[in-house]
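Mind having a look at this structure? Questions to follow.
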Amino acid sequence: MVTMLDVKNLKVMFHSKQAEMVAVDEVSFSVRAGETVALIGESGSGKSVTSQAIMGLLPDNGRIAGGEVSFLNQNLVKLSEKEMRRIRGMKISMIFQDATVSLNPTMKIGKQIVEGLHYHQLFPKKESKGEALRLLSIVGFENPSDIYHQYPGELSGGMKQRALIAMAISCEPQLVIADEPTTALDVTIQKQILDLMDDYKRRTETSILLITHDFGLVSEYADRVLVMYEGKIVEAADVFTLFRNPVHPYTKGLMNSIPRIEDPRVMLQTVRDMAVQEGTFEGRVFAPEVFSKDGVTYHAPSALIEVEKGHFVRFFTNKMEVSRT
Amino acid sequence: MNVGIWKQPQFITGLIILVSLLVASFVYPYFFELPKETKYLYENGNLVDVAPFPPSLVPPFGTDVFGRNLLALIINGAKYTLLIAFGIAMVRVMLGAVLAVIYHHYHDKLRPLFEDIIESTLFIPPAILGYVFLSPLAVKYSQENSGFAEMVATQSLVLILMGVPPLVSVFSKDMAKITDKEHIVSTLSLGAKNRYVYFKHVLPEMASRFWLVIAQQIIQVLILLSHLGVLYIFIGGAATIIDGDLLSAHEVYVSLTGEWAGLIGSNYEAIYHTPHIVLIPLGFFFLAIFSMNLVINGIQNNLKWSDRGRGW
Amino acid sequence: MNKKLVEIRNLSTQFKKGANIHKAIEGITFDVYEGESLGIVGESGSGKTTLGRTILRLLTPFHGTIQFDGIDLSSMDAKQLRVWRKDFQMIFQNPYESLSPRLKVGEIIEEPMVIQKMLTPKERTNKVYEMLENVGLPKSAYQKTIHEFSGGQRQRVAIARALVMNPRLVIADEPVSALDVSVQAQILNLLKELQTEFNLTYIFISHDLSVVHHMSDRVGVLNKGHMLEIAAKNEIYQNPIHPYTKSLLASIPKVNPMMRGLEAEPVEVPPQPPYPPHLIDIGNDHYVAADVIEIQNYRMNKQVHKSES
């Protein structure tokens, strides 16, 4: 399979008046063609910052301090803003949590799609309306010509998100970055939207980078999963492996803290219950796990270590054995 | 208003300029004599010059048309100008806040009518509105020769009332935003009385906002006063003086308090041959408004800072 | 079954916007038993927040009655209600907004007692320390402002504030939806612990079916201002009758990739009926809004099942 996106050792720094802090560090992963890769983490984990860095859309006080983002063997970090604009929307497009902000409230839906098509000069002007209507029907509108003439304000949250997806796929991007695309939506709508994206992905071999905090979505839609904690990837595996055998205590804690209907329990386990010896090892909360393989003991803080084929975990110390279940 | 405000350089700069103007104005009479009129300048028994005298003769700004030292007049007038503006702004905001509470409370019944009235008055320039209200008063008082204090009070009252309705509208909208917040709903759910909610939560939360609006109102009042001065409406009333020599005697109006607007007004005709007499008081208006703007920027920066809280 | 603490009959709340009348909730009827936790599930616009606020009489109902321990709250005016307010409290969704940013944590927790004129200042302070301990916050929190706390800690303060007057009924309106997953678990655990400790009755309102499942004994499903189904938790999750409940349950993402695609149930949101539906008892304390034919079909199916087994 073709590697679409290859991120290597990405490091992002943010500076405030007093100091500079590392928001994302040592993040490496790749997304292959037709694959959905999920980046899961809580707020402050650096998952959104990673996506912004890939798109070259970091806020003014942030900068890429190291690493490479190669998209089809082209290093995006080195590109000028003008070159980046050609890539954004054309080759990579983004879907955000809040469709209200991403759509221009004073412009009809159809016109916004047509304008995107013009900007990248994909269609002759005469044909672009037809193309816009086609896109609107792809995203599940039964009456695209009505939607074409409506303003974003006249649509519900779910419909707006669909219109946004129509815009995102209008240039037939090779990679779609979806940053919490359904967090603001109802659960029934969420399923419709994600099924829609999944279906589109299967038909067109588009890659999706799904950024979310929800293990439910990950288990339903992702092929591979990267768990982020405090700016680093702490565990990475394909979705079946990860759910069968989570190794990192943070991943375990996160999974056990979700109430599950099929597996009810009286009290939820919390991430804190899994954290031992706060303050040791550079203040990291999840310290005491180790991995030794082929007689090698890994010292803290380590890089990602492959515990089984395609399953990587970050360890911090050398005091205990990994429990395999 | 919190401690952070004292870390805003703009706020401090603006405040220092204004306070030093005020202090100078109050201290000044103890060290210098109040400016006297010197209309004609004789040398060896011959008339050599007539007021206004140029800055070269009476530094630094020369004199006004009555031969008074312009700088001394400005310094002396600063306290009246600034304090009147501050007082009017202050009372406007206080009255606006009280009425806004009432308005906000009975909002459903009052809103349609009230909003329309306010919106229509916003299209009339305040200077014209002020002139319409104040000029009959000025005539009445000059005829009846009423007391100075009464005059100031009445004029201030008119200037205050002119500014209140838009404030009521603005404040009630702010209150609506605050009372919709969950912590207010939460307090109501504990069984708190409306009075408790307003005094303990809503009004304290608006405190910084009030200070900001007071500062903005001071600027508005200063501008309004300068306009009214040009239209010969002086705070504290005007004295009529017979001016000119025997052949060309005419009445002129002189501000009784010596506030800056009066200075501009009574010297307005001099703009054709000695424009600096008008421009210099105008410059001080500018300085005061500029400093007030610095204060406002400082407050706004501080508000933003505290709104954002400490997280990011 | 315990005794009924709250009886809600035919409750409706409307909002007027100019000439338009928006019926936020209509014809809601249910009971809450003492010591239980009743979950209310609804999507956005279902009227779930309006329902909570109407029961607490923060809104005036347009129609219907709310009986709290035999006392009719719906007809009381603001003054009469004030005395009763200490018996029912609310925990709000957003701890960043539901706590005053100007007060110290101690003052926030003390405020309910000040308003209700309970205890002496010294006793109040002691009570506040006691509550801080109950919700798992250090004593040093007393002097701090909420700026210094994270979302989860703020929600702990909000819980302390709601429970300080020993209320009998607590309505929690989306108390964890603004929190991270790991913090959410802590708060849910805390709410469960406090329920046993203080013998509380909860009405737990949320859009999250998994959270409601975890927290509730019985569950009601709200859609577009109408109650569509209400039953014991296991009954409703394993044997949903109403098509809306079914599609809600089918939409929950499964936290297990092996179960992908097992649920073939299409998502179908029924149109809103012009009038509030009637809830019909289909046995097992399971009430569902349905027309007569649907009910008959259901009963027939059930008979068939019984005879088969």
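A few notes on this one:
The chains carry the letters A, B and C, assigned in the order they are written, with residues numbered from 1 in each.
Rule of thumb we're sticking to: a contact is a pair of C-beta atoms (placed from the backbone, for glycine too) under 8 Å apart; a residue touches a chain by one contact, two chains touch by 3 or more.
Quick caveat, the model's predicted, so the values are computed rather than measured.
Farthest from chain C, judged by the mean position of CA atoms in each chain, is B.
Contact tally for A-C versus B-C: the pair with more C-beta pairs in contact is A-C. Distance between chain centres (mean CA atoms), chain B to chain C: 54 Å.
Between the CA-based centres of chain A and chain C the separation comes to 33 Å, rounded to the whole angstrom. Those residues of chain A that touch chain C in the complex are listed here as 42-43, 157, 186-188, 190-192, 213-217, 219-220, 239-240, 243, 253-262, 264, 266-272. Only residues 181-183, 185-193, 196, 201, 204-205, 309-311 of chain B touch chain C when the two sit together in their complex. Interface residues of chain C, counted against chain A in their complex, comprise 43-44, 180-182, 184-186, 188-189, 192, 207-211, 213-215, 237, 247-248, 250-260, 267, 269.
On chain C, the positions that touch chain B within their shared complex are 53, 56, 58, 81-86, 89-90, 92-94, 97-102, 111-112, 115-116, 147-148, 158, 161, 165.
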